[in-house]
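As written, the chain order gives the labels A, B, C and D, with residue 1 at the start of each chain.
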Amino acid sequence: MAEPLKHPLAPEERVGYALVGIGKLAEEEILPALEASKRSRLAALVTSDLEDGKRLARRYGLPPEAVYGYDDYDRLADNPGVHAVYIILPNHLHEDYTVRAARMGKHVLCEKPMANSVAEGERMIAACRAAGVKLMIAYRCQYEPHHWAVREMVQQGRLGAVKLVESVHCQVESDPGEWRLKRKEAGGGPLVDIGVYSLNTIRFVLGLEPVEVFAQTYATPDDPRFREVEEQMGWQMRFGNGVLAACLTGYSAFRSSRYRLYAEGGWVGLDPAFDYRGLRLSLGREEGGQQVVEERRFPAPNQFALELDHFARCIQEDLTPFTPGEEGLQDLRLVEALYASARTGRPVRLEAPDKPDAFRGERP
Amino acid sequence: MAEPLKHPLAPEERVGYALVGIGKLAEEEILPALEASKRSRLAALVTSDLEDGKRLARRYGLPPEAVYGYDDYDRLADNPGVHAVYIILPNHLHEDYTVRAARMGKHVLCEKPMANSVAEGERMIAACRAAGVKLMIAYRCQYEPHHWAVREMVQQGRLGAVKLVESVHCQVESDPGEWRLKRKEAGGGPLVDIGVYSLNTIRFVLGLEPVEVFAQTYATPDDPRFREVEEQMGWQMRFGNGVLAACLTGYSAFRSSRYRLYAEGGWVGLDPAFDYRGLRLSLGREEGGQQVVEERRFPAPNQFALELDHFARCIQEDLTPFTPGEEGLQDLRLVEALYASARTGRPVRLEAPDKPDAFRGERP
Amino acid sequence: MAEPLKHPLAPEERVGYALVGIGKLAEEEILPALEASKRSRLAALVTSDLEDGKRLARRYGLPPEAVYGYDDYDRLADNPGVHAVYIILPNHLHEDYTVRAARMGKHVLCEKPMANSVAEGERMIAACRAAGVKLMIAYRCQYEPHHWAVREMVQQGRLGAVKLVESVHCQVESDPGEWRLKRKEAGGGPLVDIGVYSLNTIRFVLGLEPVEVFAQTYATPDDPRFREVEEQMGWQMRFGNGVLAACLTGYSAFRSSRYRLYAEGGWVGLDPAFDYRGLRLSLGREEGGQQVVEERRFPAPNQFALELDHFARCIQEDLTPFTPGEEGLQDLRLVEALYASARTGRPVRLEAPDKPDAFRGERP
Amino acid sequence: MAEPLKHPLAPEERVGYALVGIGKLAEEEILPALEASKRSRLAALVTSDLEDGKRLARRYGLPPEAVYGYDDYDRLADNPGVHAVYIILPNHLHEDYTVRAARMGKHVLCEKPMANSVAEGERMIAACRAAGVKLMIAYRCQYEPHHWAVREMVQQGRLGAVKLVESVHCQVESDPGEWRLKRKEAGGGPLVDIGVYSLNTIRFVLGLEPVEVFAQTYATPDDPRFREVEEQMGWQMRFGNGVLAACLTGYSAFRSSRYRLYAEGGWVGLDPAFDYRGLRLSLGREEGGQQVVEERRFPAPNQFALELDHFARCIQEDLTPFTPGEEGLQDLRLVEALYASARTGRPVRLEAPDKPDAFRGERP
């Protein structure tokens, strides 16, 4: 990863973001991340509760007129301090809000999963391209130093060729009313919400795409949470070079997130891997006949700030983001293949591009 | 697990074992384990190199006449100090040496995998039953306190219901001439030799049997080691209660062995899990809003001695071993199903018994 | 610790700080901490390099007239947006800048060690008292949740009575010209700069004061770094209840910081303990005959922000800070006793107050 | 350390040991260690309970006539199968049983501490020298690979010069009737029994001797356990090269044993350090700007077997043991200095030999 800016830019030199959707993530993570960022600043809030939005705005030094209702979303076009929108809405709304932002000439940072179908994702890409605005999917892990350290170790072959990969991402969702459990809104269950981290990060670390996938799902009968979406999924992926990956995700197991790559000369991985903070990288190897297990500790800047600042730099310097819409679209293709496999009980074969990092842009 | 004997039995009160096959495992592990055991003693060696066998015998205080060539195997019948044979031969020889031991009226402890096919395994069980001798498969982990602690936590529901399981067992085999890489002798690749630990231990910890399995294999083209057997396999298992397990095994990745179970209220597992020594149990849970990750440290007796002594006790007290032939046979059924799945690219469904621990005997 | 504010206060409701001294700590830690704080904001900078100060001000949205030279320090009196000064200067300047701030009616947050002598510390306290302003010494660890968790475990006796304590804080100072290595400016060597963390934190965790101390120092002959101050010190402290503490500090050993308390029923401690981030709490205990070693993981907010916000709350609500001048003064008394012991080769006895937390104010 | 023998010697080629004193240590550790050893065998038992001794003998294949009462101790002279005695008696009996063994021409392995005074230790050395028998003090850690790995890292300067050392060894003694709590029998409290591990191991790892020591002790008033000996001690040692060591020991804190050395470029240590099994070596260093904390895992043979076999080799090859009487005597000198310091409240200065490893013999 490139060295970050040593000093923050002055407020007026930064990229102004409108946050679209003020839930827990926006309030607890994104607003503080904007304070910690170096190239980004809060420029507007879009929310269903104007009063609450104004209270929040006041706390972050934003004038009340920078708070918009959803009905007024298109009025962002007139706010020149807003250079980009950050869409933090339920998945089924991503397409509409992206397309409308593009029409306003605003760049779009969109939460993962990009959308609920490949078709939606393709329309988002097309709309942004047509409008000449940038589109980035918020794959936080691809902008974070622990994950980059794993990727570099792997791609430089420091542990020899990777052979096997495992990953788990699970957590307990206890409220049956949660939008994440509604097929129409979420587009799927734990796979699209949290399993996608395993999917995306393995692709990122290897720089490769799977050529065959297989999935099994399960939902406890009569559990009101899992009427529309799977409770859990186990899936496998085979890559062109023979690497086999085994992944698990679920909504009824204790919050855990990890991955590990097993190579000829050692293993390396993160646990926790996908949390907002506290990531840990460990590594197993041999030295002089002894087994060594080591942890490498990194300075750990705010992950959201890194992500926001990458997109800000891409806007300022006219670069393609490292995780553009195409990167998100590839995950959607895989998600569709995994659900198809689970439904049919058969593996699904996929075309893989013939070069590494086929869907990625400028290195962060 | 039951309390072990406080004191060793006097030599003449112990069960005498003939070791059949004197390779690295016998020499480095089983002979010292017999010294460390409390109910077992070395009674004979069966080897292809009589001179070497006699040198070894002398070091362990065994008279030279207790060393047998393979041609003389059936003469063990006349040695009343030999109560049991421990078969540590390549897999394709297990059936023959078991059947002949049974005919001699000797009890049989046989290394895993029990045999190269379900049919062989069934004949072994039948022969031992007919002869009225006991048959135990050497599933070391099922006699070891760390694994038992995991099993008890899981089965007592101390972390809530288990939902997901992952396991890896891999190592590097570098010699293309190794018998483990010959289909006829080994019966398969890493699955039957080391992957079977994941398979067997997950079944043991859950006390349940899978109802559906799926596998993918891979072998690097032109790698002389993997002409006859797979280089690596990824597989999934679904259990009747919905638990999904994801496993990886391979012969070209750094020596690693682990498993972890993800339950509603925490996770627990071993890493390393299947090594001869140095096992570590760790556990994640929540307490008062804090995440707690803990290691529980156990006295760790010689694993082979525990196993040898369990079988000795079964002989002395006329009990069915915890891992009798039937337990080994179930692994063979699953191995055949996994290879069938890999071959056909389709999941394989299996009948599961309707009670837990269906194939196991007396608790150790 | 009390729950922190859920939301930040609006900028105009916060306590305005003037940072006095713009070195590495101010730039890399305090400025970002002010952004992350909830009750505090940057109100002025006092620096020797006005140009640099203005560049920095611009980046943090501060007008250029809020940047002061040292000659203009007393002009802060006229800036009503400055409620408090945070003194981040070499130790020998603490008294003067504190006394002058008090005269201006500004509250004072002063870096540790409070001063270079008990006499200086007493004058600082007297000046603040006379002026009716608050004085707090910046003992970061006393406002941090890991340290509080240790303190609460200890003081609630959850591991039984504490018996023994150890602590280490060392780092490599390689520049002989560094002010920390000049007696006049620093007042001492590693003891006053980093060893004081061990000293202060042990006192904080136990809530008690030592009754006898002993110290040994060493400086490598001819090492240009250690002509004026010690290279390293080992010291012991005995508390009234018999607790023995053993501490080490030094300026030529690899950056390390830790402490551990050994109680009747277990141990607990931090490693790293005194770093700005990445603290880890671990704990040893017994459960059911097994040894358990556990790590407890906490959300870890910006430590400096917690400290700044505590003082801000004390100003807003007219409370005595948890670490007022008196707390800093007690460390100075102990520092003087330790140097006296090292000089004379004799232990030094001290009066201990007859109540716990004798020098502390409002709980954070 | 030298490579151990690949194969055990035949029983008749081994050194025969008489165990003198059959308590918990002998029964739980030394008897199994003799089974696991390669050059040593059990040749006789000396015990106060002949019946119990004979039962034990039978279990280990020893004839009943090889069991002796203390009154018959001198009859060991007539048993040619006994080459050496291993004295596992309360400390105040070490001298007498050593001197009498020497008179019988038997080599002596004696538990630590060697004796209750320097004078006793000197007489033991003199008696063995006069009789031409070897004397070794059972410093287990000096024959163990984790400790050797630390020593080699330190002495090869792989982390730069060592500057600071800390060590703790404590455990809970709850029975006031225990001989370890009687001054006449034990010669002191936790210092001589467990603290001596810290003392001895730091000397071993550095290969150096302290030039100044200081100690503080404490005993809870009215605690019946600590009427005769200290409850706990904190002590410091300064070595000629300026290394400062801080140590703690006690009989009322949770079983813990560790040490760590802080050098210019990293730290290294064991935790647990002095346990019979399960030792762990960890190491902190920097690499490419990252902090690395690593564990190095070793095969961990039976520690007592390593020690017994070293002495056996010294007997077989006529070598001075690595830890001869002189090594034990130096600890006694330091123990006396530490108690003198605690009594007088003054540091004690000591002469240090002018070469490293001044008191040690043949490397194991």
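Some observations on this one:
We take it that contacts are C-beta pairs under 8 Å (C-beta built on N, C-alpha and C of every residue); 3 or more make two chains touch, one makes a residue touch a chain.
Every value quoted in this text rests on a predicted model; they were computed, and no experiment measured them.
Chains making contact with subunit B as well as with subunit D: A, C.
Checking B-C, A-D or A-C against B-D, more than half of the residue-numbered contact pairs recur only at A-C.
The chain with its Cα centroid farthest from the Cα centroid of subunit C is B.
Measuring from the averaged C-alpha position of subunit A to that of subunit B gives a distance of 42 Å. The geometric centre of subunit A is 57 Å away from that of subunit D, both derived from CA atoms.
Shared interface positions of subunit D, i.e. residues touching 2 or more other chains, are given as 297. Because contacts link each chain to all the remaining chains, their graph is best described as complete. Subunit B contributes residues 159-161, 163-164, 166, 168, 170, 172, 212, 214, 216, 218-220, 231-236, 238, 242, 244-248, 250, 252-254, 256, 260, 262-267, 284-286, 345-347 to its touches with subunit A in the complex. Contacts from subunit D toward subunit B in the complex involve residues 7-11, 32, 35-36, 56, 58-61, 277-278, 297, 299-300. For subunit A in complex with subunit D, the residues that touch the partner chain are 149, 287, 290-298.
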